[in-house]
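The two complexes that follow have chain A in common; it is paired with chain B in the first and with chain C in the second.
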Partner chain A sequence: MTQKTYIQSYCTIQNNEIVLNGTSVFKTEPTEFADFSKQAYRNFEMQYPKFFKMDALSKLAFLGAELLLSPITSTELENNIALVLANKSSSLDTDVKYQESISDKENYYPSPAVFVYTLPNICLGEISIRHQLKSENSFFIFDVFNTEFMSNYSNILLHSGKAETVLCGWVEFFNDNYKAFLCTISAQENEKYTNETINTLYNK
Partner chain B sequence: MTKEIYITQTNCITPLGFDVQSNIDAILRGESGIQLHENTSLMPAPFYAAIISEEKIDNAFAKISTATKYSRLEKMMILALEPIIKKAEIDLDSKVAFILSTTKGNVTALQNDSEESFKTAHLDVLAKNVADFFGFKTQPIVVSNACVSGILAVSIAKRIIQSELYDHAFVIAGDEVSEFVLSGFNAFQAMSDSPCKPYSKNRTGVSLGEATAAVLVSANPATAKIKVIGDSSINDANHISGPSRTGEGLFRSIQNALKEAQIDGQKLDYISAHGTATPFNDEMEAIALSRLGLQNIPVNSLKGFYGHTLGASGLLETVIAIESANKNILFESKGFDEIGVSESINVIQKNEEVFIEYFLKTASGFGGCNTAVVFEKVK
Partner chain C sequence: MEALKLELKNKIITTLNLEDIAIEDIADNDPLFGDGLGLDSIDALELIVILDKDYGIKLVDPKEGKVIFQSIESMAAYISANRTK
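Let's look at the complex of A and B:
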């Protein structure tokens, strides 16, 4: 009875490399994420200056989303693409930086521009703004990527008609250790990944 | 046929009381949990907030456990869940989900530099600590979606039960007043210099608060308190730290939730809105409600009683709204004086007996998120 859903495309970002649908599309020499992300942004000519205001978690999610969503979205059309992302470290990378700005009373400088990124779902907001996605979005936290829950939840959104496509994935960033795995899922038939699941693609 | 979903148990831990009844009694007496605090470990200057006394938490917790390893927030969460898990008499097996929603969890643990303390700042660790207290068998599902977290968790519970992944879901929502959050809202100049005044002309911002709330969401109608009949959670796609001027995300969330509920908006008897008392949020809500033709439906914000309890607020306010519906009483929107939003909305000025069959709960938050859930009284 329930309609089958298919992985349409996927993207992995880790170890200074971006892999799109199994093919390496960008790679740098070992470097910090700040530098890697800037080079990737330039390489793909993204032209979105707001990128430079984002924290690392948002940049990571943004880069992956950019490669998967740009080919399938248009700012003139309604795009019912839900965002369902998860990670382990929430926004702790920015939380720690923010905490440092208030810990020392002699050097107390809480900044609203940093504080706003102390929520993991801000990266969903960034992607929504970029691709004009007035759609379902939720951010989950798990000890490890719970691919079963994430794919089940994505399917619920597709089956219940709450979304036409789901951008689902894992965006983990803490202390310059990072891994993003994002994929688009919809009911549109796609034979490319029939033997693959989020789990097998994530672990590739 | 889609499964019908109910909330069958509720509880909350707040400055107004440690069970639902004492909270309702306090609201009926017009008491607010918001007080002036002078505590330089939290804020350099005096501030208004709704804070739970340490002693009360410890005394209540001592009655259910002698364990000393739990953080303050973990104790508040365990205290909210304990009576409803006991009353529910459900085996916590592979078909029982545990959903924890929070914005900042144990963020106070970051004040301490130790590795061990840093570990407890992780939300999955917080969830595991609370889940293990009760012996949940399933992996905890943590929802951290800014200030819609608590009500979004209800919507996620409904969806995963309707899809038959689970039979029941225990949902806990909680957040604390911390130096971290106080300094952040203060840096945004979003803090009120008096107890917050949602929708009022002279509102100047939020009062922060802390609470935990817990519910059991189930497809079993026995002991049902309310039916969950429609839900939606749509992003504004407009700004990360401010709401859309047109209330687009909230507008669409409510529209979708009503559509799924298959009721016309005019059938709503009550709206439990977000009402943080910041100039932009309240204005945005009034615009969204007005665009939907809901400007005459009685509406309140419970922030005047509890302050803004962040990720807990959506669930706490749902727990209170369920009592409102079952007791057929509209609670006053505390702190309200003179309408201060551009679109006229029907803010509840005093407690009033009215038959309530359908109500709507909404919330909005940073990142442009919005959630709307429609509830129906159980016949």
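Let's look at the complex of A and C:
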């Protein structure tokens, strides 16, 4: 019989608002994501200048991960946190921007700083660097958030001993439309979310 | 030369998204990499693009960058001597 796993914390970012464990922790007036994310960064005093160099998808994933992982990784205790994220649009938002920057043959100056974000799993790298993770990580592309797959995949990592905690979720960004849902899952019993699943919390 | 240095500081802050850094924070002889502005390897590539795009200078030997991109002072001196636009 496999050991039951529990959601420890979750975070949703959409419509200019960040909700952590069901409580709104940051909200702005309607604005573009670039402005919203900058305000959120300053609000939580994240102190990580590389944030400003990231593309929108990485900023979105970074913000959610920061709120969920900082309480874990800021301690001296050793951790083994796997990252399992997914979305629909991959890195298309940045891909389009990059393509636009190289479409004029008379003005052909590809930006290395934009190019490096033309893969969706770069956001996993950004989170790993920030939290010093040398763990399993995977990024999947689905039409919609496949909560069953993500839950099963996370449980396999936990049950096989590949990870003690999994940061699992959905980080979708395209044309300034965005939604992030991230949660941490582990085998540690958590009375707060005994019956909740990724699916019920995502759709809350 | 002073105008060029100011222009370079502006370009570096804007192009490299140095959000928390102001022009007055960058001294002409501050190292751009390492303990100075803390730029990284991708930033170095962006500086090469700036040389090409804005000043018509194509760096053939990337090793040259180590000397040219030491500071705003060294960048300005190299651009003044080699610019084609």
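For this structure, a couple of remarks:
As a working rule, the second predicted complex is superposed on the first by the 199 of 204 C-alpha atoms of A that agree within 3 Å, B and C clash if a C-alpha of one lies under 4 Å from a C-alpha of the other, contacts with A are read in each partner's own complex, and residues count from 1 in each chain.
Everything below uses one rule, namely that contacts are C-beta pairs under 8 Å (C-beta built on N, C-alpha and C of every residue); 3 or more make two chains touch, one makes a residue touch a chain.
Here the structure is a predicted model, which means the values were calculated and not measured.
In the superposed model, A:Ser138 makes contact with chain B only, not with chain C.
When both complexes are overlaid on chain A, the residue A:His159 reaches chain B alone and has no touch with chain C. When both complexes are overlaid on chain A, the residue A:Phe52 reaches chain C alone and has no touch with chain B.
Legend: residue contacts after superposition of the two complexes on their common chain; A:Ser111 is shown touching both chain B and chain C. Once chain A of one complex is fitted onto chain A of the other, the partner contacts of A:Ala187 are absent, as it touches neither chain B nor chain C. Once both structures are placed on chain A, chain A residues 110-112, 116 are touched by chain B and, in the other complex, by chain C. Against chain C, in their complex, chain A makes its touches with residues 38, 49, 52-53, 109-113, 116. Contact residues on chain C toward chain A in their complex (touch as defined above): 16-20, 38, 42-43, 45-46, 49, 52-53. Listed in rising order, the residues of chain A touching chain B in the complex are 83, 88-90, 92, 95-96, 98-99, 102-103, 105, 108, 110-112, 115-116, 118-122, 124-126, 128-129, 131-143, 146, 149, 152-153, 155-157, 159-160, 162.
Against chain A, the residues of chain B that register as touching in their complex are 44, 103-105, 107, 110-111, 121-124, 127-128, 139, 141-146, 152, 156, 159-160, 162-163, 165, 179-180, 183-184, 186-188, 232-241, 248-249, 252, 256, 365-369.
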